[in-house]
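This structure is in structure tokens; I'll ask about it shortly.
Every chain is named by a letter (A, B and C) in the order it is written, and numbering of its residues begins at 1.
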Amino acid sequence: MGDAASDIQLLNAFIVFMNFVGIPAITYGSQLALGALGLTLVYGILRFSNFAHGDTMAFGTMITILITWGFQSMGLSLGPLPTALLALPFGIAATAIWLLLTDRVVYRFYRRQRAVPVIYLIASAGVMFVTNGVVRFIIGPADQRFTDGERFVVSVREFKAMTGLPEGLAIKTTQALTVVTAVVVVALLFWFLNRTRTGKSMRAFSDNEDLALLSGIDPERVVMVTWLIVAALATIAGTLYGLDKTFKPFVYFQLLLPMFAAAVIGGLGSPLGAIAGGYIIAFAEVIITYAWKKVLTYALPESWEPSGLVQLLSTDYKLAVSFALLVVVLLIKPTGLFKGQSL
Amino acid sequence: MSTRVQSSGAGAVRTLLMFIVVAGLIIGTGFVQSWNTALVILGLGLISSIMALGLNLQWGFAGLFNVGVMGFAALGGLAAVLVAMPPTPGAFAAGGPRVALALLLGAATVGAGLFVWRKLPSGALRALLVFVVVLVGLVLFRRVLDPGVAAIEAVNPASTGYLGGFGLPVLIAWPVGGLLAAGAAWLIGKTALGLRSDYLAIATLGIAEIIIAVLKNEDWLTRGVKNVVGIPRPVPYEIELQRDPAFVERAASYGLDPVMASTLSVKLLYAGLFAVVLLVLLVLSQRALNSPWGRMMRAIRDNETAAAAMGKDVTARHLQVFVLGSAIIGVAGAMLTTLDGQLTPGSYQPLRFTFLIWIMVIVGGSGNNFGSVLGGLLVWWLWVQVEPMGLWLMQVVTSGMADGSALKAHLLASAAYMRLMTMGVMLLIVLRFSPRGLLPER
Amino acid sequence: MSAPFLIGENMTGGYGAADILHDCTIAVDRGEIAVIVGPNGAGKSTAMKAVFGMLNLRKGAVRLDGEDIGHLTPQQRVVAGMGFVPQTANVFTLMTVQENLEMGAFIRTDDISTTMEEVFELFPILREKRRQAAGELSGGQRQQVAVGRALMTKPKALMLDEPTAGVSPIVMDELFDRIIDVAKTGIPILMVEQNARQALAIADRGYVLVQGANAHTDTGEALLADPEVRRSFLGG
């Protein structure tokens, strides 16, 4: 015990773990967190669960992809970084216009009527249908790849050469980019909500709508700013997910479940909760669907070496992981980890 | 008093007129397109109506937001396979007991986890113990299950590779489908009812996705994406009819050739069967709506707080109606798979199976059973017809463009997605301008 | 005698078809505390909400500083210079005390630091707790946040709906002292009170409402001394 050879083995186990569990889960968690933040903001301000959110992400990503293709054909690029970053502002702007349009045409009416949340829910399903149709009409239902630039920050080969270890660690550009972007976006969001007048007025509106009105906070302005932020969050989350994996409209619809689960686990309406929930879901999903054989082979003494793949659940059931966590939270603590309902 | 009778009389006239319009649409389709198309629309429209009836029970009567229609319908489809398909020879012997044992182990794991949770005081120790129990259970479950599954799937994989069913008449699958769906609904209802309405929506969205994932991946049960085909029918095969001299003669007397006559007859028989089920469920739903139970449900829907204050157990009532509604959807799901003659897990899409049914209920008129039936038939007709209409529209729009232009090709290829947009726009318009639907609740 | 600074005159109206207020008049002048008391269901809060524009009046007028404000919405009345503290849910529970005050001043575009300093002078405990979430404070402290929030607009008149509801007698006395301090700064205060005896003791004007109409109107002192008011309403 504790001799150099077993230390190396543990190090190898750790590297394999990071390569196949740690880094992918942090990346995926960041994407989910950004998506869940959008959901939770809508819940906190407009007070409904937005079923169109997954398709909003698809819409923003689609616009970003189209602009990216345009830039690529013009020969514009960001060198090692994906060209999509350059196209992102356009995607956000288009999504903002789309969301403000849906608010104007659909949600505002129910706001004035002070409709019950479930009516918004149905209306958001209608918006989901339309957004879904628009996306498929423009870009089709198929997979689209738009990643370019340098593929790796650190490749397995470089890592092995650097460390001399038998196991390698790869960090894809998109993974690094996702985490960095998520940190920057979340920092900006929290700065906005806690330090600026408009951000504080959003929190006030979310906390106590009647008192906010009494204080002269304009609800329409709060709602508009919310949609703008949601457009940015959804487009960024969608684009990062698309860069890291692939863009397919239906996949974005399916992201609704893990994103909702993340938001509910953290406490609907709580931004901090949405972030925590995103990472919890991502880690749980990856850990439960990962085949642990290799890690265990390194980590355990030779005689304990596992015979099977040691995979708890096949990756086809990754949605079941979010769902199970969601059910557990609903059964035990329906308000979520962080007290929800307010920003 | 007199005004009430009058208004319900006017309601009846309106209902009748609306149904005549829908009948006209379907019959018109028969004349303009083909009787085959009209009967296909009718059959699926009737099934859609039953699903809408089930959803209306939940939403219209009780205000429950179920976004898992697809899952409950798919469970019905599974029932059709399990009941009607012949058992695969040797498959059960190969791995059946192992799979059964594994499923028992899985259930025992959940039970043990719950037991530990209930018996121990809350704290880190309890959480850790539950985690260990579930982890160990899951590992054991996989260890027992996997070889069994492999053995079953190795039995003649090209044509079977699954357990098969009980080889019983497929009609039995319809109530069985209802039971399966009811079981799943009970589990979900126990978890998510009594919380905010959003939570039921999210939970049902999740269970539906998971049911589909199971159907797609558990090949030993459903053959997964390889599909189960040739589910026995409750009605004769066309080919049998064509061989029957009496049938051919009768067809000739109507001036029909035997092939056409046999297709139409089979479809008519299906439609007749579906109509019988629909009528029975409609009568039952109507009686439920007007019974003390139905009045109480609506009272709870309209004012939950007041109903709770009057001593009604709101959550228990909701569970009842949620299970019942899901069971009806399960029955309809089994009927659908029966009509198709095959289970294709890949074909279950939430937009088609969940949200379209929602549109049917809302367009027809939430809370009105006749409205749901009308909405089912009407929206299904539209769903089928919008696609050719969209294509036609695109052909008109692009007629001026040069052949071979990329835009023209794209527009024509994308015309199919017009119907998603159309359905969404229709839902939004009805919700806003006529939220009570075509046939409002009295 | 000049017209009072804030007056709801001959107000008649209600939320639905049935009137709750019948020809009811409520007024308060600069530097004064006016208190509305009365039995349960007498329309006390309704009368105040009518002055604030939260229900439709069929008859009567509301004037602030001689100007008719009857057509303004509650939000517009805030801009016009009315401060209102609701009975319940009157603070932003998840925001800090300081943020509550900032939100109170949301409509102002000028520098609010002096006003906030004044509020902290009036309610020293708020300065101490200014980084704490308002929801974590005690009932009495919360009420001070609520009043402080309303003062942040520098209102010309302040209206309080049962500020002492649900607090202990000691806290109530402390709150009344604070309210007197606020009145001394020259702001007219109109409040509805359940604790009639204590409230009338600090009132310059008292209104006893019965079934939505003025039953007795006098100085607080005189009302406390009025045998009929004592018998029928203050319990001897």
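Here is the rule we go by: contacts are C-beta pairs under 8 Å (C-beta built on N, C-alpha and C of every residue); 3 or more make two chains touch, one makes a residue touch a chain.
Keep in mind it's a predicted model, so treat the numbers as computed, not measured.
**Student:** Looking at mean CA positions, which chain is nearest the middle of everything shown?
**Tutor:** A
**Student:** Using only Cα atoms to place each chain's centre, name the chain farthest from subunit B.
**Tutor:** It is C whose centre lies farthest from that of subunit B.
**Student:** Whole-Å distance, subunit A centre to subunit B centre, using C-alpha means?
**Tutor:** 31
**Student:** So what's the Cα centroid distance for subunit B and subunit C, whole Å?
**Tutor:** 58
**Student:** In angstrom, rounded to a whole number, how far apart do the mean CA points of subunit A and subunit C lie?
**Tutor:** Computed value for the inter-centroid distance: 47 Å.
**Student:** Provide the residue numbers of subunit A that touch subunit B in the complex, in ascending order.
**Tutor:** Touch residues, subunit A against subunit B: 43, 48-49, 51, 105-106, 109, 117-119, 121-123, 125-134, 136-138, 140-141, 253-254, 256-257, 260-261, 264, 268, 308, 310-314, 316-317, 319-320, 322-323, 326-327, 330-331, 334.
**Student:** Give the list of subunit B residues in touch with subunit A in this complex.
**Tutor:** Residue list for subunit B touching subunit A: 63, 65, 67, 135, 138-139, 142-143, 146, 191-192, 195-199, 201-203, 205-207, 209-210, 213, 216-217, 350-351, 355, 358, 362, 413-414, 417-425, 427-428, 431-432, 435.
**Student:** With touch defined as at the start, can you tell me which subunit A residues reach subunit C in the complex?
**Tutor:** Subunit A residues touching subunit C: 197, 200-201, 203-204, 207-208, 210-217, 342-343.
**Student:** Contact residues on subunit C for subunit A in the complex?
**Tutor:** Listed in rising order, the residues are 74-75, 78-79, 84, 86, 89-95, 99, 102-104, 106-107, 149, 153.
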